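Quick one: this structure, given as structure tokens, is what I'll be asking you about.
Chain nomenclature is as follows: A, B, C and D, assigned in order of appearance, with residue numbering initiated at 1 for each chain independently.
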Amino acid sequence: MRLSGLFWILLVLCAGFTGPARGQGASDLAPPTDLVAADIPNDKGHGVQLTWEPSADASRVQFYEIYRLPYRPPDEGPPLRPEETVDDDWMRVGAVAGGVTAYAQTEGNTTIGAENNPLYVPRDAPTYYRVRARAADGTLSAFTPAVTGIAKGNWFHTQRVNVLVIAFVLGALMLYFIQKAKRGEKIYIRPIPGLSRIDEAIGRATEMGRPILFVLGTGTAAEIATLAGYTILARVAEKTAEYQTPLLVPVNDPVMMVMAKATVKEAYLKAGRPDVYNPDNIFYISAMQFPYVAAVNGLMLREKTATNFYMGVFHAESLLLAEAGSITGSIQISGTDRVAQIPFFVAATDYTLIGEELYAASAYLAQDPKLVGPLKAQDMVKAAILMLAVLGVLEMTVFKTEWIRSLITPH
Amino acid sequence: MGETSWVDLFWTTVAALITLAIFSFLYKDNPAFKFVERLWVGITTGYWTMLLYHTSFTDKVVTPIFRQGQWWYIIPSILGILMWFRLSKKYGFLARYSLAFYIGISTGVFIPLTIKASILYQLHGSIRAIEPTWSGLMFVVAFLCMICSLSYFFFSKEHKGLLGVTSRIGIFTLMIGFGTGFGLTVMGRVALLGHRVSFLHDWVQQVVGTVF
Amino acid sequence: MPWYDRVLSIDRRWVYLILGLAVVVPVIVEMHIPVTLSREVQAVYDFVSEVRDGELMLLAIDYDPSTMAELHPMAEAIIRQVFEQNGHLLLSSLSQFGPAMTDELITRIAADYGKVHGEDFVFLGYKPYPAITILAMGSDFRVPFPNDYYGNIVDELPMMAGVHNFGDVRGVVALAGGTAADFWIIYGNAKFGVPVALGVTGVMASDYYPYLQAGQLFGLIPGIKGAAEYEQIADRPGEGVRGIPYQTTSHAVILCLIIVTNIAFFAKRAATRRHSQAISSL
Amino acid sequence: MKKQLPMFLVFLCGMIMIVQFVVPHEYSQTLFQHSQDFVIVIGVLALPIGIYSLMKSTVTKARREPKERLYSLITIIGFAVMIIAGLKRDWFTSSTSLSSNLFNYILVPAQATLFSMLAFYIASAAYRAFRARTALAAVLLITAFVVMLRLIPMPEPLSTWNAEFVRWILEVPNMAAKRAILIGVGLGAVTYSIKLLLGIERAYMGGD
């Protein structure tokens, strides 16, 4: 009897000590106030942003601890509500240093391995949070009252508007200048040496009676630089159809092969020579870079190609191709958007389309208003970008503000 | 040198002969190189086929459709098979639907990401306050060089007057960039060559050690 | 034919021969030459030294045997460093020829340190289409890699408990010999905000300085020289340091070739000028 | 009609993916993942056309020229052996199987060797192209020269000066050049992509 009495006294004492530590009893550390839980904007819907006012004893606070009610999957019963819980039901999510009064919880995974993830933040359903302060000596404040946060999947990313604006302005200007060009207004375009030599190079191959090689690079059909190569291929094919010069197009991707066949066939039709079109001259070699290059190198030497075009995405093989091509004395015209490979093409081929010039090529080759217009639009946007850069630097230097820079910050 | 098994030696010798055959192309095209070239094309195509079969085909076609009941994966499978019709004269146009899908999606993903990563990031990174220090001065130089280089890429205006000057400075800057790229590359290519040479060196030692 | 014409039109095979000798001789005769250290390599080393005692980093082995000479020493130095610090490693491969090579590397080094697959490191394997794979990894590693390279279910690996996406790793060091490097910047860093450092080949290095300055990369190991630097900082001399002597000789040879070709070029130009002056003075 | 519907499909898919970029909602993420899977599946299923094309050109060559027969046979044997050796996933991933031996002792050395030949080609290209014909060529060759110098041991303070100078080149003019190219390429590629979506560029689709 006396023993059990002692036990009870001990238990009460323990409770007395643990009480404040659990935030139930009175504490001399003031809790934070005005806790607000809001949806995190611009996310997929599994994040809640918490903000609060600092504790009145802010100077003593070492950490703010963030707690929440764990997620309960629908098949295990209705979501927990604060009224029906005890302190042990709450889970610590994280803590932030005393000076900080915000915390973001994001968790999109319902499970960890085979277990349910209690920290999952459901979309369009309430999640309950509360916060307390902890002093350096371990004293804990009471909890703030529980608040509800509902994570929402957002339908518009407001910070990505800048990307849309650029795309839209560019698109609109393109359409505008296309209309203008169609109405017969002349748009000046400066010459690019590499492009004006294309006809000459094809003519030379014809004179020598040797084939022309067109390499579309070692990228895939999903890369835009590869697609830009097709525009030039179409033009070259049209010319070779006229002159009846064989055009060899080895490719390294089956999808690219399908596209190359379509392109060349169409070009031969356009030139009125569908009879000379030989589908076997467009062939797949290997999806892998080096065996592809070895085979193309062999092809150059054995077929003695007189003119080689390299247009598209190139990696290390740029110089392997260009050097082997120069052994046979071919005229070589190259173009790529890969910064690292441009130097080798510049050094080892006769003409190089540098970066953007590759994309601009279609406008030059066709002189079609539909293709010249976009070039003008592109230049306008380029000028605008340069202006923005200059203004941004001036603004930051003179006014010490970052308004322009914040406009173009990528998110 | 440890004991080397004959099997190991066999395979290493194959590798060494292949290495030598490819190097022989430096002197001139020859049957040994041609042999390796053709063998290589055959083997890589086999390898690539089995790699795609075991990874992408199993994971993205067989598993979703037949094991996970995600029937909608049948759509791209059909589109992929439509591509085969390019070989037919009559139904070649069907391949266009697959291409349309393929190009549409890749281009649509590409546009915003390129604006973000290629344009906005570079622009954002090149804007900062000018400080009256050495590094501030260098920033101004780099900034002006960038503007000049970009001005070289103006296509719809004649490169005369101010644009003539800036584009001239721009093309010089570009050449410095290309020279740098070229100079930095040598190291890597030589490293590869060194690796091949030490492989051949080891092979010779191995052959000598095992045979004699 | 005057001497300068002969020099300018020399058969390219002589050039090949000279360069070949410049590499072959130092490989056979051993030498030692030290390297100078740079900030961007130190930054990668500092990051890796924080991956200790159960911390996790992603090491992307996105190169294949063709660029192995430059990038393998980096991979080896980083893996050894992490294992020595008892850190955890997640490996992936975005290069078609990479997986077999990565498997060989990690198995060999893990055996040296008694590390176990699934507990101390996980090799996820290869998926084609690097951009798409990185994007998918951003939502969950299990999306592109439901199974690891060895066919185990990723969910069943102890190390992967609670590890879902880039938010759960300290950062990514991507050793890349091709476009994968760009994809890590564009998709990994720009889209998901994971800190990325690159180990690249010497040729690629100059392309990535803008990203370094723009803060899209926190560190960069450029080529075999970078690897040698890393090995020097980590005090773990290996292939990187060993590669320096023939680098020196071959660079010297190329520099000499450039000087010779220009001397001949100017001699020819001077001669042509003299010739045309002589004609015009007639 | 045979061409308009596919062009519309390009436009539609492209617009959906652009809109997807600014919609962070989970549904949009799911759409994104599926679209990427779809592209992969189309690419994978196109492979048989590639194999067909390769085999066709190999056989044609052998038929036409008797001298080519041995070489053509080699391609076909290589292909067949690798397929059989990799039929099972275990064979494919094991480090002792025939498949991995072919990989390690044929593919790897072949690839590494061809790549290493670039060292010779660089020397040869430098020899032939780096002649100071014009001011531009001179700038190109001098920069390359200075950058390569950093691997040559020189007495102090020359080597420090050179290292500092190379660093300056990398961080100032080189970076400016790279940035300009990146922005230019980005803009050009985006313009080109918009042309693709609008159906202005359609060479790859071919005719009827």
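Note that in this section a contact is a pair of C-beta atoms (placed from the backbone, for glycine too) under 8 Å apart; a residue touches a chain by one contact, two chains touch by 3 or more.
None of these values were measured; they are calculated from a predicted model.
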Self-check item: Chain pair that, of all pairs, has the most C-beta pairs in contact
Solution: B-D
Exercise. Compare the CA centroid of chain A with every other chain's and tell me the farthest one.
Key: C
Self-check item: Centroid spacing, where centroids are CA-atom means, of chain B and chain D in whole angstrom
Solution: 3
Quiz item: Whole-Å distance, chain A centre to chain C centre, using C-alpha means?
Solution: 23
Quiz item: Between chain A and chain D, what is the separation of their C-alpha centroids in Å?
Solution: 18
Self-check item: Centre-of-Cα separation between chain C and chain B, whole angstrom
Solution: 14
Quiz item: Where in chain D do residues touch two or more other chains at once?
Solution: 18, 21-22, 29, 32, 36-37, 39-40, 42-43, 46-51, 54, 89, 103-104, 107-108, 110-112, 114-120, 122, 124, 126, 128, 130, 140-141, 144-145, 148, 151, 170-171, 174-175, 178-179, 181-185, 187-190, 193-194, 196, 204-206
Quiz item: Residues of chain B that touch two or more other chains: which are they?
Solution: 22, 25-26, 34, 36, 40-41, 44-45, 48, 51-52, 56, 83, 86, 92, 96, 99, 102-103, 106-107, 110-117, 119, 121-126, 143, 146-147, 150, 153, 174, 177-182, 184-187, 189-190, 192-193, 195
Quiz prompt | For chain A, residues that touch 2 or more chains besides their own | solution = 108, 160, 163-164, 166-167, 221-222, 224, 227, 254-255, 258-259, 261-262, 285-288, 290-291, 294, 316, 339-340, 342, 344, 346-347, 354-356, 360, 375, 378, 382, 385, 410
Exercise. Draw the chains as points, connect those that touch, then say whether the picture is a line, ring, star, complete or other.
Key: complete
Quiz item: Inside the complex, what are the residues of chain A that reach chain D?
Solution: 42-46, 108, 123, 153-157, 160-161, 163-164, 166-167, 170-171, 174, 178, 220-222, 224-225, 227-228, 230-231, 233-234, 253-255, 257-259, 261-263, 265-267, 269-270, 280, 283-288, 290-291, 293-294, 316, 319-320, 322-323, 326, 337, 339, 342, 344, 346-348, 354-356, 358-360, 362, 370-371, 374-375, 377-378, 381-382, 385
Quiz item: In the complex of these two chains, what residues of chain D are touching chain C?
Solution: 29, 32-33, 36-37, 39-40, 43, 89, 93, 95, 100, 103-104, 107-108, 111-112, 114-116, 119-120, 122-124, 126-128, 130-133, 141, 144-145, 148-149, 151-153, 159, 163, 167, 170-171, 174-175, 178-179, 182
Quiz prompt | Residues on chain A engaged by chain C in the complex (per definition of touch) | solution = 108-109, 112-114, 287-290, 315-316, 327, 339-340, 410
Quiz item: Which of the residues in chain B come into contact with chain D in the complex?
Solution: 11-12, 14-16, 18-19, 22-23, 25-26, 34-36, 38-52, 54, 56-57, 60-61, 64, 72-73, 75-77, 79-81, 83-84, 86-87, 92-93, 96-115, 117-119, 122-123, 125-126, 138, 141-150, 152-153, 170-187, 189-190, 192-193, 195-196, 199
Quiz prompt | Sites on chain D touched by chain B in the complex | solution = 2-3, 5-7, 9-18, 20-22, 32, 34-52, 54, 70-72, 74-83, 85-87, 89, 92, 99, 101-110, 112-120, 122, 126, 135-136, 139-148, 151, 168-190, 193-194, 196-197, 204-206, 208
